[in-house]
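The chains carry the letters A, B, C and D, assigned in the order they are written, with residues numbered from 1 in each.
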Amino acid sequence: MRDYVEIGIGREARRAYELRDLSIVPRRRTRSSQDVDTSWHIDAYTFGIPLVSHPTDALASPEFVIELGKQGGLGVIDAEGLWGRHASLDDAVGRVVSSAKQPFGIVSEDQYREYIDAGQRAVRALQELHAAELDRDLLTERIAQVRDAGVTVAVRVSPQNARELAPVVIAAGAEILFIQGAVISAEHVQQGGEPLNLKEFVGSLDVPVVAGGVFDYSTATHLMRSGVAGVIVGSGESETVTRVPMATAIADVAAARRDYLDETGGRYVHVLADADMTGSGEIAAALACGADAVMLGQPLAQASEAAGRGVYWEAQSAHPRFPRGGVRNELSGAQVPLEEVLFGPSSDPWGKLNLVGGLRRIMGKCGYTDVKAFQKADLAIRT
Amino acid sequence: MRDYVEIGIGREARRAYELRDLSIVPRRRTRSSQDVDTSWHIDAYTFGIPLVSHPTDALASPEFVIELGKQGGLGVIDAEGLWGRHASLDDAVGRVVSSAKQPFGIVSEDQYREYIDAGQRAVRALQELHAAELDRDLLTERIAQVRDAGVTVAVRVSPQNARELAPVVIAAGAEILFIQGAVISAEHVQQGGEPLNLKEFVGSLDVPVVAGGVFDYSTATHLMRSGVAGVIVGSGESETVTRVPMATAIADVAAARRDYLDETGGRYVHVLADADMTGSGEIAAALACGADAVMLGQPLAQASEAAGRGVYWEAQSAHPRFPRGGVRNELSGAQVPLEEVLFGPSSDPWGKLNLVGGLRRIMGKCGYTDVKAFQKADLAIRT
Amino acid sequence: MRDYVEIGIGREARRAYELRDLSIVPRRRTRSSQDVDTSWHIDAYTFGIPLVSHPTDALASPEFVIELGKQGGLGVIDAEGLWGRHASLDDAVGRVVSSAKQPFGIVSEDQYREYIDAGQRAVRALQELHAAELDRDLLTERIAQVRDAGVTVAVRVSPQNARELAPVVIAAGAEILFIQGAVISAEHVQQGGEPLNLKEFVGSLDVPVVAGGVFDYSTATHLMRSGVAGVIVGSGESETVTRVPMATAIADVAAARRDYLDETGGRYVHVLADADMTGSGEIAAALACGADAVMLGQPLAQASEAAGRGVYWEAQSAHPRFPRGGVRNELSGAQVPLEEVLFGPSSDPWGKLNLVGGLRRIMGKCGYTDVKAFQKADLAIRT
Amino acid sequence: MRDYVEIGIGREARRAYELRDLSIVPRRRTRSSQDVDTSWHIDAYTFGIPLVSHPTDALASPEFVIELGKQGGLGVIDAEGLWGRHASLDDAVGRVVSSAKQPFGIVSEDQYREYIDAGQRAVRALQELHAAELDRDLLTERIAQVRDAGVTVAVRVSPQNARELAPVVIAAGAEILFIQGAVISAEHVQQGGEPLNLKEFVGSLDVPVVAGGVFDYSTATHLMRSGVAGVIVGSGESETVTRVPMATAIADVAAARRDYLDETGGRYVHVLADADMTGSGEIAAALACGADAVMLGQPLAQASEAAGRGVYWEAQSAHPRFPRGGVRNELSGAQVPLEEVLFGPSSDPWGKLNLVGGLRRIMGKCGYTDVKAFQKADLAIRT
């Protein structure tokens, strides 16, 4: 039974919870973090770490995607971002980056106005760069470059353009297809249009599909029934379209996975949490809520391989009409190699580096040696 | 059953909730935002968007009111504000605006004191400007100017002066009368005075009346029984007189609408939420709590047509004895046409522009195509 | 039944609430604020407003005490403060005031250190000034000066020194005796010492006694049984010794008043809330929780009659070993006459001026015409 | 029965609480703080105050440890810190301290970056200093120096190195052994390694053992069964590895103590709270939750005897891979003798000085004369 409150006469709302309010309660036996196995298996693929990058050009330079693959994770390329639109990725990203200002030293109206203006200039630059035509040959060429490096190739398309672009990116070498929008459903209803029948479409593809974001049990169940290999919970944004608290959303979708597993007699659909996590603690909380892997954004912008050189934005910041989240230039200190972001060593006392080391440590200290077992960890909530 | 806590021995308080704590849970089917119908029908009038401006002279220049009408909304003129008191509206508003300082660059006691003083000077200017005598001819002339532009004319009077001023503004062209104070009741009791009998008064008028603000089921029910076409919940202030959380207040008044509909066998009284909403997310939450339309203030001050040129205040800031809320000069960036505030395009990543587009998107992503259905959306609450 | 949570295995805590989380729900009938009667009757005394000043020398200059009395309230003189210790009150207070710095313009380590040092210097000055010997003739003379002005004279003594000082201040003209410490009980147990038997002591006096602060039902009941005319809830500090949330404490003590009234067949003991209220909203909340009057501190420091010229501290800041709260210099803008602080007119948009006007307005808008009825107002709580 | 919420479908979390949300409700009888007995008896040792220092080199200079012992508390030496690694403790600590910057005057990107860099340099310095080889003779010599001063000698070793180092430090004079890591269990499981069998190990020692940190009932029970004299709850960090709220953790471990006492027919295992307390209020809350003594860190850095001269860090900041918490330079004002930090006199109005005086006062005002009785004090919780 859900936990409901009456917010007004005859109107109920369900209590929902955020990841940051969760604690994981240690079990009786601690484990060495060296004995913790973080590997993640989806379809025919195995990853050493349950970590997928958010499909934003702020992260996905070819170097970044290749390096993340080599480190055991999965980098996702946005087929509808800058890769297929601009001959020089460096120049395109550079145009956005050069607009972004850090939020320091603002002690006058003029400086504040300039900071706000810079934020809008950066968004406008993104919008213009995304308005350029998509050159499929260029996109194909760049995807092939990643494939040649020997890492697993994952490419994201939007639900709107999936039918058109999926064949292109699969031909180019995509081994896992992400169909990802801010909010998705198995059955998008559009008057007069011809919505994507996800079940039919997924069935027609030769590669596994991961789709999302979803926020509830019912939508997740329908996505699972369409044959996807994984479902993404959330949209990376801290302030999502509908502001559904993520701990609840992840746990609900994990429940859908459980019920669908029973319904099908054994089809396990993976749950990926795309929940604006800031460090090992929230990554651990997302897994403990039932996620099999996490989709990570801003924390990976610390990597020197990241395209944005420390500046971060999400795909939705480039939306022509509803840009959200903005171009953030909030990192401090020098960037470090991705390997160091993931595995240390670290002299950073705020837990922003050594993300996987931190996760292993939490899992071990709490007494768990693999993610599947950790999904059942005892939770406490601060309220 | 309400949800009560015992705050002390034998003393209970009802749990109440704010709009900002609400989330809307998407349904299984997403919709295109192009298929979302936001139209609002009240009495004989139809509006393309469920959006009414708060009756403050910080917004209501004649240009603003006309433009808001053309864009599908309803601008409300304050009959007891500056329109009927000063030959030059520009000069009057300008006197207030020139006093207001932005809260930046304060690094000394003197600067802080100057900021506080400026805030009081701006309020004093408002108070003095409101103390000028009301010139009914001037007011009539200005209302007629709006009427001539072909948009629906809505004028606000206070409960105290309704009897005297309503005939004037109706004669001048007001098609919808707003009787609006910070808190109102159908039966205002004053010793030795002759309070407004709202039922009798509303019955005597030829135009539909919208009245408020109210904060509870019982007062709302009594207002409905007085024959009004609409009830306003709230008073626009973030810190209201009695600080009643607005999600609860809106849901309670929507319950009163439902019960009154049943009681009368079909009289539908509209609920307008005047709840200091800051963007599309809170507008959507207010509708999902049961509002038929929202009364919007500060976010519309971004419009270049707004009288205050980015500076905002509410009518209660001009109160001769209890000025509240102050004259706020917190906007940043250049002002943009009202059309852009409502419908974009936008390079603003904080969701302050494209308010209606944002609302449509939320409704569509959550699976709803009209406001009436959206009033039943599943809610979640962060606690 | 109280509302308890289990904070750990076998360990419970009662849920408790703060004044600032309360809202007052308007009733069906609004009233004019002119019809609101705020008068307060205790023992043989009647006050126009239910407002007592906290016994601190930051407020209580003779001018302040006299003016507060003339405005309808009750100013309380601290018999153990500076009045009886220093020939020139102005010089003594001035020494404290000149040390206090405002918290602005701190942008370096040196400036922060200087701000902290200034705070400690101000406290040290207070401690030293309080260490001077008490000159009973001087105290007597100053109390008489207030009495001669024709206002009701209230003097505070500590529980420790009550036996010794009460006769002195009563002889000097005190008409109401406040026995007030941070936490008080009817039965203070001290090994080897001779604690004050409050019942016997109160019975021996010719003037009504108000005693506190208390925080719970049981201590309040015992104080009431000792024969006091009033009980003070709280100690004025926002961060009290035991940090008990004040809405709960006031409601509990009001319950003790009710039960004691029944137990005695009609003895009504007044409840005074000393709860660090910042404006009309919290004063109203304290009354709605069951207080008959409020003891007010910092907001009265805005009065030009206040001794501290805008600088504020509580008696406990002078404690030789546990100074608490500090000397605060946080006011901005010029000081205004006490009359304006209480009754306006006001150009202050933050509700800090016109405190009584604001209270009347809240009571009237919520539909109440006297404090006794207002104690039963419907409450809502934000959680 | 615990208090659980459903955070998502089929996934529960237990509600948990922080110390800072607790209030202690005064009883009917107040006591003089002079009658409060704060003495703490563990094994054969008696301490005047229930106060143990966190084993960090930021505190533990030999002077600090000796002075804390003389003042009635217990200073804990970290056997794996700088004492046994560097000939000049002053130089080693000085290298860390000189890197740390205070967080003031940051108004530009460069200054912020420099502040962040300084934080990382300080951590790196700590990491390098901890990488130096452990000289057992040097460690032995320094421990002996403390022993010679006549105070009780307590030394901390990590679970990993306990077997190897315990004999060394006991031979050097340690009278109480602390086996302390961020999270500990009685049965650490490591594949291929040979984990410490705590029961066997504790039984083999001649000195009492205090072990931790633990966060739950079950782990605490198992530690108790291993024969330790005391269990530490928490790890000093405000943001612990698993972020378990500390009021709940302390109360749970106190429940384990109670049950273990019953199970063994009388073996009382002490509970030490290591919970990042900031002053007397939180120390009192920790005891009221069931702790017998508290382990204190940052507040003791105000002592002029503290090694870090006001700069503070915890052992985990030196962790080679997961440094946490950082080197904090947040104190203001001059340092004062430890005696003044503990017992005043104080001109500090924020309750940071006179920690034990403040504790006595809270206990007395609430009506308790010893810690054991105070563990049953009535609690209230703000939620």
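Methods note: contacts are C-beta pairs under 8 Å (C-beta built on N, C-alpha and C of every residue); 3 or more make two chains touch, one makes a residue touch a chain.
Everything numeric in this text was worked out from a predicted model, so none of it was measured.
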| item | value |
| --- | --- |
| Interface numbering overlap (same over half, different under half) for chain A and chain B | different |
| Angle of the C-alpha superposing rotation, chain B to chain C, to the nearest 5 degrees | 90 |
| Taking each chain's C-alpha mean as its centre, the one farthest from chain D | B |
| Centroid spacing, where centroids are CA-atom means, of chain A and chain D in whole angstrom | 39 |
| Computed distance of Cα centres, chain D from chain B, in Å | 55 |
| Chain C residues counted as touching two or more neighbouring chains | 15-17, 107, 248, 383 |
| Chain-to-chain touches, reported pairwise for every pair that qualifies | A-B, A-D, B-C, C-D |
| Touching residues on chain D, where the partner in the complex is chain C | 1-3, 15-17, 22-32, 34-35, 102, 104-105, 107, 217, 247-252, 254-256, 258, 281, 289-290, 332-333, 344-351, 354, 357-358, 361-362, 365-367, 378-383 |
| Chain B - residues contacting chain C, complex | 5-18, 106-109, 111-113, 116-117, 119-121, 123-124, 127, 182-191, 193, 214-216, 218-219, 222, 239, 241-245, 248, 317, 320-327, 383 |
